[in-house]
Every structure is written in C-alpha cells, then in structure tokens.
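In structure tokens below, several structures.
In what follows, chain A forms one complex with chain B and a second complex with chain C.
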Partner chain A sequence: MKAIRKYGTVLKLSLQNAFVYRSNVIGGLLFYTLFIFVFFNLWRAIYQGGRVAGYSLTQMVWYLCITELVVFGCRSGVFGQMNEDVKSGSIAYQLNRPYHYVFYQFFTALGGMVFNLLVFGTMAIVLGMIMVGPIPGFRLQSLPFVLISGIMGMVLNFFILMALGLTAFRMEENFAFYLIYQKLVFMLGMFIPVEFLPGWLRDIARFLPFSYVAWAPARLAVAFSWELFIEVFPVQVLWAVIAFFIAMAMYRFGVSGIQAHGG
Partner chain B sequence: MKRYKGIFRLIGLYFRVNLASAMEYRGSFLLQAFGMALSNGTFVFFWWIAFQQIGGRIGGYDFNDVMFIWAAASSAFGVSNILFANMNAITRLIVTGELDTFLLQPKDVLMNLLCARTSLSAWGDLAYGFVLMALTHGGDWQAWGMFLISIVIGGLLMTAVSVSAHTFTFYLGDASLIGGMALEFIINFCIYPEGIYRGFVRVLMLSVIPASFIVHIPLKLARSFNIWMLLLLFGVSAIYCFIAYRFFYRGLKRYESGNLIITRM
Partner chain C sequence: MEAITVSGLNKVYRTRIKEEGLGASFKALIRPVYKQVQAVRDISFTINKGEILAFIGPNGAGKSTTIKMLTGILHPTSGTISVLGLNPVKERQKLSYHIGTVFGQKSQLWFHLPPTDSFALLGAIYDIEKDKLKKRVDELSELFEIGDLLQTPVRKMSLGQRIRCEVAASLLHEPDILFLDEPTIGLDVVVKQSIRELIMRMNREQGTTIFLTSHDAGDVEHVCRRAIVIDHGQIILDQPVKKLKYDYLNRKIIAVRFEVPQRLEVPEGVKLEKSGEMAARLSVDTRRCSIDEVMRWLIAQGGVADITVEDPPMEEIIASIFSHKEEGAAG
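Then we have the complex of A and B:
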C-alpha cells in the first residue's frame, strides 16, 4: 500500500510537470505533423488507388498515425537518461533513496507518456480525419482495447530502452544498440505493417517483441477483431514482463559493480 | 583569394584535429559509424519491400533512382556533419554566450564556429552513401560523377539551411525549434521521390528548403546530362550559400555578449 502511494505520488508529480511545461510538446507536435504529412504523400504515391497487402490507403494512413503516436509521440527519454545517470555517476545519489530506481524511472516517465498520449492522440485523430477521413468500419466499443494495447506497447518500448540504456554500466559507447533497436521497431511494424513483410520474415517477426510495440495497437485500430486482440495482447503482456525482468537484471548486475569515489 | 585560402586551410586544420581526436577512441568511433550505417541500411529494406509489392515506379522513380537519392542525401549529410557539426549548435552557442570565443579569434567567425566540432556517427552516413552507390550503380560513371558533385553541393546546402534557420536566434531569442525543423524538412524531402509531393511543397523544395538541388536535380543529371542544368545547379547553390553567409553576419550585428567565461578544451 505504501509503495503504491509512493509511486503514485511520483506519477502525479510527473503528470503535473508535464502539464506545467506543456509548451515543450509544441516542437514534438510539429515534427509529428511533418512525419505524417510525408508518409501520407509517400503512401498515396505507393497505393495509386489500390490496396496493398490487405490495407486500403485510409487504413494505411491511420495505421501510421497510430504507430507514430506510440513510438514517437509517447516516447520517453529513458535511454538518454540511463546513459546520463550512469556515465555522470549521478545514479549513485539515487541508490540510497527510499525508492527503487527502476520503478522511479518508470513512474516518472509514465506521467509524461500519459500527457503525450492525450496531446498527440488528439493530433493523430485530427490529422487522420483531415487527410483521409474516418477509419472504415471502426466501432467506438473497440477503442478501450486499442488504448490498452497501445499502452502495453509503450510499456514494452520503455523497458527495452531502459535495458539498452543500462548497458552504459559496462560499455563506453552504447548508442549503436539504440539505433539498431529503433530501426528494428521501425521496420517490423512502425513504418511497414507486418503483413507487408515476406512470409518467412513475417513468421520471425511474430516471435520477436519489436512488432508488438507499434504494429499490434495500430492493426487493432484499423481492423479490430476479437480474434486479433486475443492473439496479440497476451504476447504484448508477456514481452513487457520479459523486458521488465531484463531491465531489472541489467540494473542489479550494473549496480553490483558500482564504485563510488568521494569528492 | 587569400581569404578563401585561409578558410580552406582552417577547415583542413579542424578536420585533422577532429579526426585525430576521434581516433583516440577508435572503438567508440567505429561503433558509432557502423551503427549509423546499419541504421540507414534498413531503409533499403523498406524500399525493396515497397517495390516488390508495387512492381512499378513510385513517384516516378524506380529502385535504383531511390538508392541514388538516398546515397546522395546520406553522404551529403555525412559531409556537412563531419566538417560543420556545429551547424546544429549555433542556437546553443548564441544563447549561452559561447559565441564570444569565436568572435575573439582572428578567423572568419562563421567558418570557425562551424568547423569547431565534428560528428563521429556522420562518418557512417558518408560511408553508407558510397557503399550504396557501389552496390546499385557499379560502373555507371555518370551517376558517380553526379553523386560526388551532389555530396559537395548537398553538404554545403544542408549547412546553409541549418545556419539560416539558427540565425533567427539573433532575432527571436531561441530558434532551436526552427533549426531542428529545417534540418528535418530537408532530410525528409531528400530521401523520398520528388514525384510524391505536389504543388506548394514542390515550390518549397526548389526554394526555401532546396532539397531538389541536393538530390533530385543531380539524379536527373545522372540519368540525362545537361550542361545548362549543371550550371544552374552550381549557380543556385552558390547563391543560397552566399545568402546564408550574409544573413548570419547581419544577425551577428545584433549579438550582445553575456560575459560568460568558458574554457575550450
């Protein structure tokens, strides 16, 4: 109970912070609009009026609005934060505080992610409606399930990035890991729906966590079905739990080797 | 002439110093460069999938055309960030007062501040362009010629765009958002076929955000050479760079020092 209240306070402060410094999202919204505009032009040229791999142009544009929302709009700076904390040594100051570092970082980031979800989510709806109109066949009853899947995608993304950031404990330069992970998410669901991939790669992608960050919630949004939700949501939860334990293990492994020097 | 020789000598000196500094941490340098090249390489995968699905042209371009503009954009970006990495930090230098250091030195202020930093990962961008050209254009010497020209022109134009955008800091107080957006615009306009854009955006790409001069016109020249178009390319690029240079110095007249004492190490 005490722990819930403690991290609940962290979340509340993070949310308040996000609302106070709300003008910080303006830059992000402009970039988001640019990306969606460019992708809309690109896919309109690719489609030339037809369907590709089971997606219409309308579905494809909404798909990109959702994937960009999850990965770009609701991103956290956890990778950079981990690097900064470890390399500067400021992580040492947080070890003797009455909270667990991993949980603290998660709830701090969660406040920002929730705020961004509201703001960027609104922008996603506005841009989608302006460019291509409503999603064909979309039912409002499916929205809570799409939201849950989107939030799970964000949580999965967070813990993977946290685990990658904590490699700073052992590696001088770990930016390449971030780039590779970012591009795997990009290519396996964020920019290209999994359905577009060649059959052999599609089968591999289904067993990897990358497509469950963005493809799962976006696919549910543009073509919701109970069968799909039951198929993807448990896998998202499973990968989120695995990523959480990997992040915890990286943290414990890293902290055990910390040497603090006075000064 | 003496002034230009001095500028080139300064660029050369900074390049050697920055490279030597990067080589001190060879592992880190190679990892960053390789990571960036690998990151860029994933787009080849996307375009391969897209052309497989469509089976025709996209925005008037075939697969090799897209690889050309990608290679040119990547290497031009690499060159601009290897030589002039501080183009992204102009706003920070102005706002924090670190510009003072460059004002006190007996060298061209803009060139001095642009060259003072390099980006290690940009070597990956530069190398990636060459690898992509080698894989897709092989012995097509016309394409290679235009690729090399577009690297030089593209590097200068990307720098000029960034300088122009960040110069607004002298007028607005903080133009980091404008600077970031300008670079993002130019990259996004460069890496996709020209034909996917229509109307006002095409005008933008031939003026304020000169993406067409960086990749699309060099591609046209690589496919069908025209001396007048080449001269137009050089002329417009030179004019754009000249305007950016003058705009920076006009903005610099409004600069007031914050008396910050800093150490350059």
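Then we have the complex of A and C:
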C-alpha cells in the first residue's frame, strides 16, 4: 500500500512535470512530423504501386508512424539522466532515500511516457489519416493489444537504456553504447520492418531484443493477427524482464563500488 | 546519548593515472595504471544527540567523502560507523528515514514545479500521513518563511529562496540528524545569516543533531559549538568553537578604499598587509582590538569610500593551526 502511494505520487508528479515543457513538446511534435513527412515521400518514391515484402504503402506509412511513436514516446532521456546523476554526483541525494532508485526512475519516466503516448499518439493518428487514410482492415478491438505491445516496447527500451546509462558508474565514457544501441533499434525495426531484411539477418534479429522495441507493436498495428500477437508479445515481456534484471544488477554493482564524482 | 560514532575510518579511492603523450595514452589503454588516493585517513569521533558540529577543512580535505560514508552512500575501506545505532552501509534505507541531507550545490526539488509538489512527493516517499504532512509543511513554512513560495516554480526562485525550501524539504520527515554539506555556498551575507539562524532554531526547538561541513569560517563561528578540522583526510583539531575562535578565528580582514590619499598609522592589534595611496588591506587581531574600534579609527581618518570585512580563508586558518601545532611540539 505504501509502495503504491510512493511510486504513484512519483508517476503523478512526473506527468505534471511533463506538461511544463511546452516548447519541448512543440519542438518534438515538429520534429516528429518532419521525420514522418520525409520518410513518407521516400517510401512513396520507392513504392510505384504494389507491395514491398508484404507491406502496402498505407501500411508502410502507418508502420513508420507507430515505430516513431514508440521511440519518441521514450524520449524520457533516461540514458542521459543516469549518466548525469552518476557523473555529477546528484545520485547521492537519491541513494539515501527510502525508495529504490531503479523503480523511482522507472516511474518518473513512465509519467513522461504516458504523456508522450497521448500527445504523439494523437499526432500519429492525424498524420496517418491525412497522408494515407485509415489502415485497411484495422479493427478497433485490436487497439488495446497494439497499445500494450507499444507500452511493452517502451518499457523494454527504458530498461535497456537504463542499464547502458548505469555503466557510467564504472566507465568514464559510455556514450558509444548509446549510439550503437540507437542504430540497432533504428535499423532493426524503427526505420525498416524486419521483413525487409535478408533472411539470415531476419533470423538473427528474431533472437535479439532490438526489433521488439519498435517493430513488434508497429507490425501488430498494420497487420494485426492473434498468431502474431501470441508470438511477439511474450518475447517482448521476456526481454523486458531480462533488461530489468540487468539494469538492477548494474545498479547494485555500481552502488557497491560507487566512486561518487563531484566531491 | 551518542548520535554518531566513528572509529578508525579510512577511505581509499583508486584513480587511473596517465602520463603525458600519445604513447602513454596507448599504453594506458592496454594496461591502465592506478594510483591510490587516501581521501579519509583513520578518523574517529563521537557526536552526541543535540550537538551542532562543524566539520571543516579546505576543498578536497575529505569532508564530503566523510558525509557520504556517514549517510551510507559510500562504503568505507575500513573502520566502523554507527549512526543512530545503525550501520549506514548495511541499513541505508532504514537509516534514511531518520536522517536528512542538504547538499548546497545539488537540488532535491523538482526544478519546474512548485515546492508544494516536491513536498507531496517527499511525504509519500517517507510514508508521512497526509494530515501529518500538511501540519509539518505549515509548521516549516512558517519557520522558514516560505509560505509565499510554496506555489512558485523552483526555477523562478532566487538561490536564497531555493536553499530555504531545500532545507525545509530535508526536514519534512523530522530527521534526528541533519547533514548539511556546504549549505551557505554562494549565498549573500544576509541570506547566509538567515540560513544559519534557521539551523540554530531547528537544533534548539526540535533537538535535531546538526552535522555541518563548510569552508566558511563564518558558518562555524556563528552556528556551531564544536568543530572538527580535517585536512588531507586527517583530523587535525577537535575542540569547542569557543576555543577555536580564541586561538585561530581571531583575525578579520578589512579592505578599505579612500576617496582622498591617506597615509595610515595603524593602532595596536592591526597589521597593514597591503597599502596604497587610495586603498589598504588590514589584518585585525580581534583579541587585541575590536572591529568596532578599528571602524571608528578608520572613519576618523576621513574620506572612506568603501569598507569590507571578511574572515580569513579556511586555508589560512588551517595553516595557522599547523604552525601553532609545530610550535607547540617544538616548545
């Protein structure tokens, strides 16, 4: 009960905080629109009618809208936050409080995610409808499942970023991890669907967490099937749990030998 | 009754060192060389409940490292610590309900939100019941005179206002011990004084034990009853502030600027450290000559444009402690 109040208040406050960053939201929305617009034109040029790897142009545009939504929704800056907390020493404030740092950060980020999901989600629908119209064959009943897959993608993304950010405890320069991870997510789902990849790479990608961040929910949105949901959702959960435990271990490992910076 | 007991405390860091040049960089990549840095060296002390202790020393003396070990953030290399009967390393969470911390250079308030929101969050974090929290916030906002600020986003506050809110935030859960790490850093004289008064009131009215680090001699002089001086990780002095004041905090620096050229003949107890035609820097031995007397004398010279009175920097005080000790050993 106490824990619910504790982390519930964290969630509420971070949601409140998200509303304060107005220019940030507007900037994000502009960038999001620009991104979608550029790729919409790119795909339109590539698609001279017909389908590519089973995706129609309409599906492809919606696919992009969703993957972007998941990745933009995670713009909670968790990697930067961890890095900053550890390197500036402000983690000191957070360690001697009666809460768990990892959970505290998660619920802080969750507030931002919920906010982004609402704002960017609305934008995604507006843009998709304007550019290509509704997704063919999409049924409202499948929406909740697409949503929970999207949220799971964000959660997975969050814990991977957190684990990477917490390497700051032991490493002076860890930004490379972030860049590599970002590129992997970009290439394995965010930018192009996994179906576009050559067969051998697709097989490898299936056993890696990266495509479960953006590809899984987007694929579910544009071509929903129960078989697909049952196939990908448990894998998303599994990877999220693994990433969570890695982040926890990184945290424990970091704290036990903490070299607090900044005096 | 003891609030904090520390014995034989040591903290050794390992930092990477690298020689100059590209070749050395390459070598360091393959086989890094480490250097041991002893931040805290075999320190022991006891602090009783209700005490106000100043833990002072120059930058890099080991003050923050010690505070971080006392609050369980850093693990000591060796030695034992007991804070309110708890071991900070093993019982950090449990201890956190009973201690409060203010790090002058770091903020615990949400920057874009008003303090009242941060207070609600801290209330939830420390499991304070809602009614109790409200009462406590009322009480603290009266004491700290922050009632008008409660609804103002932190980013719109001055540093002094923010620090008052920071200290109030760290007291919400009625901690038995309050750790203040450089609470007055960067504040102007008036705000400094009001923070000092607040700290003293907290101690008097709620019996809060205060552990304060500072490199501002004024903090020590005005707030604390006992001072521990630390340098290079070692305790070099542990005595009542009264004695410290008499022995070492007995000097003030006065800088004065004149509108017309002056030749000064200083009274007894005052040393002319630097002098020009239009300005001078004086060192006053307050045991022999009070600031009041020096001021009267200066004004009597006529044509004073500006006067500032300062405490000598902590580094100088430490140096005089050392020279005093050596003299003592020699004599």
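Everything that follows uses one rule, which is that the second predicted complex is superposed on the first by the 252 of 263 C-alpha atoms of A that agree within 3 Å, B and C clash if a C-alpha of one lies under 4 Å from a C-alpha of the other, contacts with A are read in each partner's own complex, and residues count from 1 in each chain.
By definition in this document, a residue touches a chain if its C-beta (ideal position, glycine included) is under 8 Å from a C-beta of that chain, and two chains touch if they have at least 3 such contacts.
The structure displayed is predicted, hence computed values, not measured ones.
In the overlay built on the shared chain, the residue A:53 is in contact with chain B alone; chain C does not reach it.
With both structures placed on the common chain, the touch criterion links A:41 to chain B but leaves chain C unconnected.
Of the two partner chains placed by superposition, only chain C is touched by A:16; chain B is not. Look at A:192: by the touch rule set out above, it reaches chain B but stays clear of chain C.
Using the contact criterion defined above for the overlaid structures, shared-chain residue A:179 touches chain B, although it does not reach chain C. In the superposed pair of complexes, A:122 makes contact with neither chain B nor chain C.
Of the two partner chains, chain B is the only one touched by A:31; chain C is not. Taken together, the two complexes place no residue of chain A in contact with both chain B and chain C. Interface residues of chain B facing chain A in the complex, by the touch rule stated above, are 25, 27-28, 31-32, 34-36, 38-39, 42, 45-46, 49-50, 52-54, 58-59, 121, 177, 180-181, 184-185, 188-189, 192-193, 195-198, 201.
Contact residues on chain A toward chain B in their complex (touch as defined above): 26-27, 30-31, 34-35, 38, 41-42, 44-46, 48, 52-53, 172-173, 175-177, 179-180, 182-184, 186-187, 191-192, 196-198.
Against chain C, in their complex, chain A makes its touches with residues 2, 5-6, 8-10, 13, 16-17, 20-21, 88-90, 92-93, 95-99, 256-260, 262-263.
Residue ranges on chain C touching chain A, taken from their complex, read 13, 59-60, 64, 68, 71-75, 92-93, 95-97, 99, 101, 103, 105-108, 110, 112-113, 117-118, 120-121, 123-127, 153.
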